[in-house]
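Chain lettering (A, B and C) follows the sequence in which the chains are written, and residue indices restart at 1 in each chain.
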């Protein structure tokens, strides 16, 4: 794994949901201790959850949003747990990746 | 490399192309076994492929799209191979990163 | 860390700033040797820098943009240094991640 001078590893959490679920995801981020997030709206896509949607598999959905937050590793499990519970009843996907930031105090 | 409890490593494949090539990328994703994707449209940018475009290097292009899919590692080579062939004749870039998901069955 | 056949590791640098700072980030990318970038505009979000903004913490900002560039590892420190200096006086966040590309010559 590459490292960068003076950068701190963090967890980048991306959640793609229907637009109507954006407030729920945002609230979960903040309740779990995230200090910020970015929302990309107006996405389109085919759900990775086609298996669960049966014949809707090839039905493209408009008005998806992706919410992105970056949190310290030790806080990431709480964020992930909250999103997982939400996605038990709502359509959406969750991606968690390693990233690095220059000012870790902004995220804590 | 950091690991997360109960998350499964996957390949995140991002492709930035002109809007007119979105259907071709989408078809390649699905033919190679991806179960979903997300499209971010209306991007602008300067092609990383300036070297190949000569004097168009500093000519910003509007109407780019980024298509994102997440597939199991063992399926990623097939997706990548398809996109590489497409990009032999079309402008665009391909990024492949490691990510982690909570419900791997959604992606297989 | 997973590796992919015939892909080359690169640094993916993402910067979220107010729309008015997009030209400054773009110029820093190119001055530091990036050969391209992609801009996602029209984002909304809550600044990760709430700590520094006091009572603006819960004031969502519209018109954010995310600029994404991919550069060789050995060039990434120069790009990061330029963005860090910019963010000393401007709001914004910087994320650096490892990604992989199929045509490294496009990025050098």
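The rule we apply is simple: contacts are C-beta pairs under 8 Å (C-beta built on N, C-alpha and C of every residue); 3 or more make two chains touch, one makes a residue touch a chain.
Just so it is clear, the structure is predicted and the values come from calculations on it, not from any experiment.
Superposing subunit A on subunit C by their CA atoms means rotating through 120 degrees, a value rounded to the nearest 5. At the subunit A-subunit B interface, residue numbers used by both copies make up under half of all numbers present, so the two copies contact each other through mostly different positions. Distance from the subunit A centre to the subunit B centre is 18 Å, each centre being the mean of its Cα atoms. Of all residues in subunit A, those that touch two or more other chains are 1, 40, 42, 97-98. If you check the complex, the residues on subunit C that touch subunit B are 1-2, 4-5, 7, 10, 12, 26, 30, 35-42, 70, 97-103, 105-107. Of all the residues in subunit C, the ones that touch subunit A in their complex are 1, 9, 11, 16, 40, 42-52, 64, 66, 73, 76-77, 80, 83-84, 87, 93-98.
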